[in-house]
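Look for chain A in each of the two complexes below; its partner is chain B in the first and chain C in the second.
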Partner chain A sequence: MSELQFSEESLLPDAATLERLALSSSGFLFDPVSGHSFTLNETGRDILKILQETRDLKALKQQLSDEYDLDSSTLDRDLLEFLGSVRDQLRRP
Partner chain B sequence: MNARPDNPGPGLAVAHCLRETDIFDGRIVGLGYEALDPGLHLPEYCDAGYLLPYPSAGDSTFLERIALIKEREQIDALIPCLDAELPSVTRLLSEIERMGIATYLPSPDQLELRNKDRLEELAAHAGIEAPRTKPVADAQFFFECTRRGWEFPLVVKGLFYDAAIVRSPDQAVTAFKRIAAQWGLPVLVQEFLEGEEVNLTGVADGNGRLLSPVMMKKLALTDKGKAWSGITVSDDTLLEASRSLVERTRWRGPLEVEVMREPDGAYRLIEINPRFPAWVYLTAGAGHNALDTLLRLMRGERLDCEEPAPAGVIYLRYAEDTILPLEEYESVVMNGWRTPLEPHQESSP
Partner chain C sequence: MTDARKPWVKPSIVMHRSGMVNKFGSVQRSQWQDQLAGVSVAALVEEHGSPLFVISEQKLRDNARHLLHAFATRYPSVRYAWSYKTNYLGAVCRALHQEGAWAEVVSGFEYEKARSLGVPGNEIVFNGPHKTRSSLERAIAEGARIQVDHLDELYLIESIARETGRRVPIGIRLNYETGYTENWSRFGFNVESGQAMDAAWRIANSDSLELKWLHSHIGTFVLDHRAYGAAARIVAGFMNDVEQKTGCEIDAIDIGGGFASHNALQGIYLPPEQVVPSLDQYAEEVCTPLLEATYERVARGRPLPTLILETGRAVVDDAESLITTVVANKKMPDGRRCVIVDAGVNVLFTAFWYNHQITPTRDLTGAPEETVIYGPLCMNIDVIRKSILLPPVRTGDTLIVSPVGAYNNTQWLQFIEYRPRVVLVHGEAEVSVVRERETLATVTELEQLPPHLAPTDHDGQSPDPSR
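Showing the complex of A and B:
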């Protein structure tokens, strides 16, 4: 199976949105514009934290594959699903 | 005070804010319209409580009552908290001020501008859209409205209060009759907006500046659709719309701006309230006590607090029981004021 080609622009929340999110070490995430809050598991928290620091999808994938014992296609699929969910939730009015 | 447990007015929250200002340690006199208004009977918030005549009793009755309260309590300032009493107070402003009672209120013209049938004009001042609104005087409209481009669901609103979401002509006619009977004609029909409501409160200085803005999104609603929990947010579009509105109307005094944030990110103005909202205690919790700002403006201070409150402060409303000695209730019913003026005492056997 060929590796999914991710485009940062289409997959990630925009930089301003990522920057404004308040992410605590417990995994509690607060969006100060919408007032919504979310709970993330440890993996989700780490993904958001990395994205807030770098917004670099390649670096994110590298760190995740170093951390978790996953083949590339499983990692891509899970990441795609998670980021889609993050985008939808943050866009939710 | 209108401190009803299921749909509280702002009075008690205003008193709560006053208790926590740095610049005020005087007496607070709660004013209400019903002997069982809890706000009249809570000494932790109000040192005394007085009944007011309903606005329908006329201006002279209202002024006589205010004069009596002034004489007994030496009040220095009046902060109206209900929409229905604002027209009387602004109309009688010179008489009230002649008694030595200060106020800080919008002008009668500004009050009229926020009438529900002038929402589009108001929205233009804010630089955002308003929901399409139409005055309707005949219920037949609802059987023809889809042909005129008004699809259900719709919102049927009274000119002053009350609103119902209707999803069929039958529901619409029922709501129309109920609202028309209570608030008169015309009844307003408004397109139903989907999205999330975000509100702002603050104090406008009358010179175009919005002070101590606090923005809030409701977190939980009662069965009646009233908030019992909310959180401060930081919404630049709402803030700029509110600042524009205040600047262009030269609004003076407290206000609440209500907007709907739609799923596509568009903002629409729902309403402006010319008073503090029932959630105003959140302003004290968020470090932007709106009553502190209001009192300082009343004292003529030049303030520089235009930055919004931080996001992420939550309020949670709850109901609590209080005990009311029979003598105290009797005093309110028979005299129109609460005595004793000290904290609750044991009722005599």
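Showing the complex of A and C:
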């Protein structure tokens, strides 16, 4: 099975959004525009932290596979779902 | 070289909402358990497959003893009759019969099953609105304790009694307003309208019938224990009344079942520990008015009527759990997560009215998220939990659904999927299969194909379009 290719543009939160999000080391996330707050688990927190540093899916995947013990299809699957729900949750009024 | 990488946990993001915890109920992070009745869940699934029903014989016996203790310490003559319809797996019935329980049955089938499990006729309480002539003939011949539901049954029993030249002792089922429950007036004879007394007169005037017992079963999962105080007062009052008026001698009062088990009814947001009365509370409610109402007859030297209990769910519910396995995770368009498991409502009927407890079998890390748990059936109704706060789970993870001992192993049906195995844990963590999983043969055993529909050698070839 070939590695799934995501369309970065549609999947990742845009740069401006990533920049404004306040992310604490405990996984508490606050969006000052919507006023919503969120709890991320450890993995979710790591993913957003990486994305705030480099908004690059390839780099994200590389870094996650270096840090976490998992196969690439699980990573693809879980990223697809997680980034989809981050995008969706941040879009809510 | 050892892998220093961290274990992967599905990433999750959960929006904060106020009031969420109350509404949904949650799985606390530390709440997990990897064994049932002292046996590893992983080992059970490995050997017996998933889903899997697991019964703890010890818990079942403890519950029955606890029930008897609660009542026998408050009233001197108590008899327990196991409500077959609640769970009539042979192993469950036998364990309870070994604890001294009689059988309480509500059909010809249940009667036959009780007899086949070695219960003598005179230890079977025969209830229910449908008793066939042949089942009544057998029950009468074997001295079963029949409790009559309606006049047509009364006349049928009388005609059998006459044919056989016997005098048949019977009971009648009463219904009445307790003030705390809705009257299940479709069963038995109504007290307030005088219907029950009319039936008692009819029995008193029969040369072949004798009224010996009074029965009532006011409902099921009755959370207000005061309802039983009212019930006992009304039935005991009727007993004194009917004895005085018709001259009969009642020797047993059967108060039925209905005590709530430690399960969470949908729509009630308080946990069972806070709303379900203890067996001692129920016992106190029943026994106090019984003793008061029978004080005089004891003073006159008559024995106390035996108190019969038909407790079902409160004895068996928490003695059984269901292990189920996660087959998929999904995200719903509204943001909720959903988990598909391999046990559906066809084996877990009680999911329609309970929010069953869902216990992970490993320490689930990650923030709990609002989750729907669906069963495996390709049917919209197949929902195991409509909403629960659950940390992320992986496919292959097992979950324990509990308590499930009441009404599931009797109301379940083979639908779309095969029904799974049921095992009993007993002794020193020994595991016995007490019901085998179904196979194609089990399902098709009763079917017959007329010859012209039987499969032939030509099957599998495409049909001839010219025909």
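We adopt the following convention: the second predicted complex is superposed on the first by the 93 of 93 C-alpha atoms of A that agree within 3 Å, B and C clash if a C-alpha of one lies under 4 Å from a C-alpha of the other, contacts with A are read in each partner's own complex, and residues count from 1 in each chain.
Throughout what follows, contacts are C-beta pairs under 8 Å (C-beta built on N, C-alpha and C of every residue); 3 or more make two chains touch, one makes a residue touch a chain.
Remember, predicted model here, so these are calculated numbers, not experimental data.
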item	value
Simultaneous placement of chain C and chain B on chain A, clash or fit	fit
Chain A-centred angle between chain C and chain B, computed on Cα centres after superposition, in steps of 10 °	80
First (chain B), second (chain C), both or neither touched by A:S85	second
Which superposed partner A:L40 touches (first chain B, second chain C, both, neither)	second
First (chain B), second (chain C), both or neither touched by A:D66	second
More chain A residues in contact [chain B versus chain C]	C
Partner chain(s) touched by A:T74 [first = chain B, second = chain C, both, neither]	second
Touching partner for A:P32 - first (chain B), second (chain C), both, neither	first
Distance of closest approach, chain C and chain B, by C-alpha atoms in Å	7
Footprint overlap on chain A, comparing chain B with chain C	92
For the chain A and chain C complex, residues of the former touching the latter	27, 29, 36-44, 46-47, 66-70, 74-75, 78-79, 81-82, 84-86, 88-89, 92
Parts of chain B lying in touch with chain A, wherever the complex brings them together	195-196, 198, 216-217, 219, 231-236, 261-263, 265, 311-312
Chain B contact footprint on chain A (complex, rising order)	20, 22, 30, 32-35, 92-93
List of chain C residues in touch with chain A within their complex	3, 5-16, 329, 331, 335, 365-367, 391-392
